[in-house]
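Two complexes are shown next, each including chain A; its partner changes from chain B in the first to chain C in the second.
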Partner chain A sequence: MALSKKITRSLMLGAFGVALAIPGVAVAQDAGAHAAGLTGNAETGKQYYRRWCVGCHGKEGNGEGENAPYLDPKPRDFTEALFRWRSTPTGTLPTDQDLYDTITRGVVDTLMPTWRPLTPQTRVDLIAYIKTFSPKWQTQKAGTPITIPPEPPQTIDSVLHGRQLFDQMQCWKCHGPEGRGDGPSAITLTDDKGEPIRPYNFHDGTRFRCGETNQDLYKIFMTGLDGTPMPSFADSLKPQDAWDLVHFLRTLQPNVPSTSRTVWLDYVKTHQGQIKPMGADAQGQ
Partner chain B sequence: MRTKFFVVLFVLGLASSAMLVTAARPAASGTITGKATFTGTPPKMKPIDMSKEPVCAKEHNPPITTQDIESGPGNTLQDVVVYISAGDQGSAPATTTAKYEQKGCQYMPHVLALQANQPQQIFNNDPVAHNIHPLPKANSEWNKSQPPGSPPIDTKWEKPEFIAVKCNIHPWMHGYFAVMGTSHYALTGADGTFTIKDVPPGKYTVTAWQEHMGTQTQEVTVAGGEAKANFTFKALPY
Partner chain C sequence: MNSPLMTKRINRVVAGVPALLFLLAVLLPSPKPAKAIPAFARKYGLPCSACHVGWPELNNFGQVFRDNGYQMMNERDSPITRDPSYFPATIRITPQWHRESANNQPVNNSTSESEDHTGTLTTAGFDLSGLDMWFAGTLYKNISFSVLPSSDSFANFHFENAFVRFDNLFNSSWLNVKVGKFELDLPVSEKRLLTLSGDGGFYYIYHFSPFGDQNPFGGIGDNQLGVELVGHNANSYTRYAVSVLSSNDGGVGLLYGVPPSPSEAGNPSGRTYDVYGHFEQGFNTIGNGFMKVGAYGYFGYAPTFFETSGGNPIYGKGNEPFYRAGAEWKWYFNKFLVKGVYLHGYDNAFLANGIPSNSGSLKGTGNQAAIWNGGFIEGQYVISPQWIMIGRWETVHMAQQINTETPGNLGNLNAITYANRWYPFMFSRAGLALQQEVSWVRSNGVTNQGGAYGSLCGDAGLSPTCKINSYSIMLGFDFDF
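Let's turn to the complex of A and B:
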């Protein structure tokens, strides 16, 4: 009897030891996370994830949480490791800082709020945990952030050249000749999951989902929004040309005051009837 | 002195690689040939409406149809990828460039078979912009714009898989990259036939893939000469 008690006790002790060891094993693919000068821990992040994120993004991180059926757009599926708002080239993983910035900023016009109320450490822990949902974080490194040269002055020449590029690059096929998101291909667009998706309407919006600075706008078309129809133009646009395009795009935003828009409106006043139409109209279609 | 040493090394290297190649390809290597056909009623391929891109619409009179199933007389199937899926004793990576073209708002070829890590080039020969958007699972997805007059896009794929490719600007554009883990593969021609060359003697599992009808496999034994493998897919009207 005494012997069996001893055995039971040692068995229990053993089980306790295993239980202690499990937390280290539970998040086996912990690649860590480094952002905002902090280091994230996936095991800690898991606790926060289960509290704040699981409702939409789901226990498995596949974007199929309890609330997901009622949401549009759908919550991000982390198992694909495919992210839209990156500082890195198309086809590469984002940096931890990119993910941190998305959590911090929230996503305009969606149900994803800003998570500034959580401490920076909590947010970095969450990043570490989110990275355990796809094995890609084990086998690939984050891409190298693209280099953005200093912004040149917002002059009418820059704006006009940007306008020419908007036509040449055929941005209007989706975004429409006036940037209203009503180009000929607009209604057919879907994201990678087959969900309908709209091109950005520059007239309505004030902020972009990836931020609101000119650098953010530059990044959108030079990295592409992976998982959406928006491609990267890094192979077709020189950095200086990209800035000209940024300046032109700013003229399409009546709700966002900018030097570009002011110089463009002045130009329009003095050049009535001389501005060539763009898009299908320009091709007589 | 030093250069001499490197020259000797280089020559030795060449010699040894030449030996390896001969060793990997015994004299008695054979071929696997056959035909891909289907039974049943396949869905009808629909004419593509390119009126939103008049430049391309003009190039196709009468309009081309969708290419999910490209069948010929006698229910033969074109663009079926036939490859050794098991039993292959390693193959040399191809160094030739696999070329993929966008012409008339259409992908040519519709299915491009290439090896993993083989260099690939994508051309836009249209006067309109395309975006090339491959949708891989095992490899990394990307999406690049290619306005008219752009240089070709250089790429390669690390892992074998069948990758659907689309252009978001022209939603009818649809094709495949068949990334192979072997050099022993072939695509069926317009008459549905294929030939896999230079197969060393041995037992193999051969798989045939058709984008709409899925895959068929069979065991094939190659003992020099010609081994036969015909594949019959089952077509459903949807």
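Let's turn to the complex of A and C:
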């Protein structure tokens, strides 16, 4: 009994000593976060960041965590405050809700998983902490989310016009004429960090990194993916044109059932000889 | 055996061990990343803390990963997407110093074994835990597996688990099927327990057996052989599991008398199937936490005699029922985790008394079904992802003994365990935890550790007033790689 008491006392002292040995670090530049009807706390978010995010995004938030050398694509560098998946115009900061959606959804075909298992409050706290890594969050406001008009019917006219736009705007140069991500420019593409980047493969992909709905696809054209070669077409595409392009791109996805693909396949059956090729072959390039 | 002076010296040295461990932990330089890594952390590049409250206990993110069949569901799960050199293997063992002590034990006189008396038995020294060699991962998208050859500290191996799992059938997370040997979907996993000592390294209610009970079922804490249908929603707040299991308590081989390993010796082969079910529902709460409540039940049969051939027992007959059922409550809020599990146990009278069920009536014999209740409350304080304190109180009380002559509270027990678990580093390559643990269990008249009732209280016979106090102290290095 005496021995047990001694050792128990020793254990308690040891535990207390370890507690004192762990330094506390205050969080600076807390810009707060508001998403999903909740308010985030950066100090709390820091603890969660250390638990879940630090391995890839790094202690300093610069995307240089211990696993970064082994990852492709590389983890996001939060110190740049440059985010791809936004509802806001190109060049602007995303809304807290955009960040919340990305954390919740994860990023398909990367090692960024869905964090839906975390409580909503935990996710919002994480956003609050992520925003402490760049001073931009102190000096700039998030952009105003773009307006997405109601989707028009998915008709063959819409699909054909979208196909025409895909050809004229030379989307095929990166994405390839069949949307396989194998256009002639694909191999040359890099992101803002100089890392090679691959265009989206519509043929094999079922989900986009920013979501999976037609609205998500529309948003990509109109906001661009900052930090990548994918620009915003907000200045050159009218909303109706953007929707037509969405409807055409859906025809390139054999693994995603859609009305657009159905009407396109019906059209192909009856107009086999009238469909002009796209891409370099069609333009003699 | 030892002189008082020697005992005093040893006590002084032993008492200094925790301080030494603490000093080492503080003074040692930060470890460099190792070249080989635990199975899943290596695959996904996440630190241990992503999936574990503190490994091996899962947090909700880890639970979802496990429920998805060891998949992140991000199109990067199939082995074809990984580096060819990746191999999903992990080893785990715990070198340790531990001290075990129990009072009111029968002790033989050193000069004459015929002169027994009651005394305290204490052992202490450096030791090893068993070894786990765990292989687990995906064979293909939505097909996962696990193989865990596990040994005791003498390197006697058995299959702790071995199964293949078909995940997300019909693209639904509600339909997943597992076939093989596996841990039941328990309210709180015992295989992922954060306490490791001799008295505190298991949940008593998962293995409890009343004094004299002959039911060969080892308890719901034992891994079982069968098929499991399990489903969950996106964040695993809602989960269910239904298993159909061979009535063999997880023992492989279908013939009685040829047990495949010492650990499974004596398990009779039943020709029936048991059923286990578990349902839990979670919801968000104040304090940025979430709560889960649930219920579970195991309903089985076990034989009371055997068909024989040439005098050798072949398979069990005269099957009689037993069950374990209960409820759970878990609350995760901020840095605190609290879990409570209740269990009600029942063994049929023939089964409990080891009487062949074809031998007639039990009337007038005093033999009756065994019934008991138990539960535990466990609290954890997560100081940081690298430091956790654990405390647990567990109790089991007999409601009805197997015979009316048996004292009503014989075998009742209370156990208290406290552990301090510190991970000096936390990354995705390997894991090391410094474990400091004390555990105390007090039983009425008979010890009951890990399900097997043990020695009676000294020379007191069936005396529930004789209390056996058992203590474990453990200081260990729990590591996986």
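The rule we apply is simple: the second predicted complex is superposed on the first by the 260 of 285 C-alpha atoms of A that agree within 3 Å, B and C clash if a C-alpha of one lies under 4 Å from a C-alpha of the other, contacts with A are read in each partner's own complex, and residues count from 1 in each chain.
Criterion: a residue touches a chain if its C-beta (ideal position, glycine included) is under 8 Å from a C-beta of that chain, and two chains touch if they have at least 3 such contacts.
Small disclaimer: the values here were computed from a predicted structure and weren't measured.
Participant: Could you tell me if A:T110 is touching chain B, chain C, both of them or neither one (first, second, both, neither)?
Facilitator: In the superposition, A:T110 contacts chain C only.
Participant: So, A:D266: does it touch chain B (first), chain C (second), both, or neither?
Facilitator: Once the two structures are laid over each other on A, A:D266 reaches no partner at all.
Participant: Would you check which partner chain A:M230 touches, where first means chain B only, second means chain C only, and both and neither mean what they say?
Facilitator: Only chain B; A:M230 stays clear of chain C.
Participant: Check whether A:S185 is in contact with chain B, with chain C, with both or with neither, and answer first, second, both or neither.
Facilitator: first
Participant: Could you figure out whether chain B or chain C reaches more residues of chain A?
Facilitator: The larger set of chain A residues in touch belongs to C.
Participant: Touch test for A:G91: chain B only (first), chain C only (second), both, or neither?
Facilitator: So A:G91 only meets chain B here.
Participant: Where on chain B is chain A touching in the complex?
Facilitator: Spelled out, the residues of chain B in touch with chain A are 52, 54, 128-129, 131-133, 135, 140-147, 150-151, 153, 168-171.
Participant: Under the touch definition given earlier, write down the residues of chain C that touch chain A in their complex.
Facilitator: 11, 14-19, 21-22, 25-26, 33, 44-47, 49-50, 60-61, 63-65, 72-76, 99, 101, 234-236, 284, 288-290, 383-385, 387, 389, 420, 422, 427-428, 436, 438, 471, 473
Participant: How about chain A: which of its residues touch chain B in the complex?
Facilitator: Touch list, chain A to chain B: 82, 90-92, 136, 140, 168-170, 173-174, 184-185, 188-189, 192, 224, 226-236, 285.
Participant: For a test of understanding, state which residues of chain A touch chain C in their complex under the given definition.
Facilitator: 2-4, 6-8, 10-11, 13-15, 17-19, 21-22, 44, 47, 50-52, 54-56, 66-67, 70-71, 106-122, 125, 207
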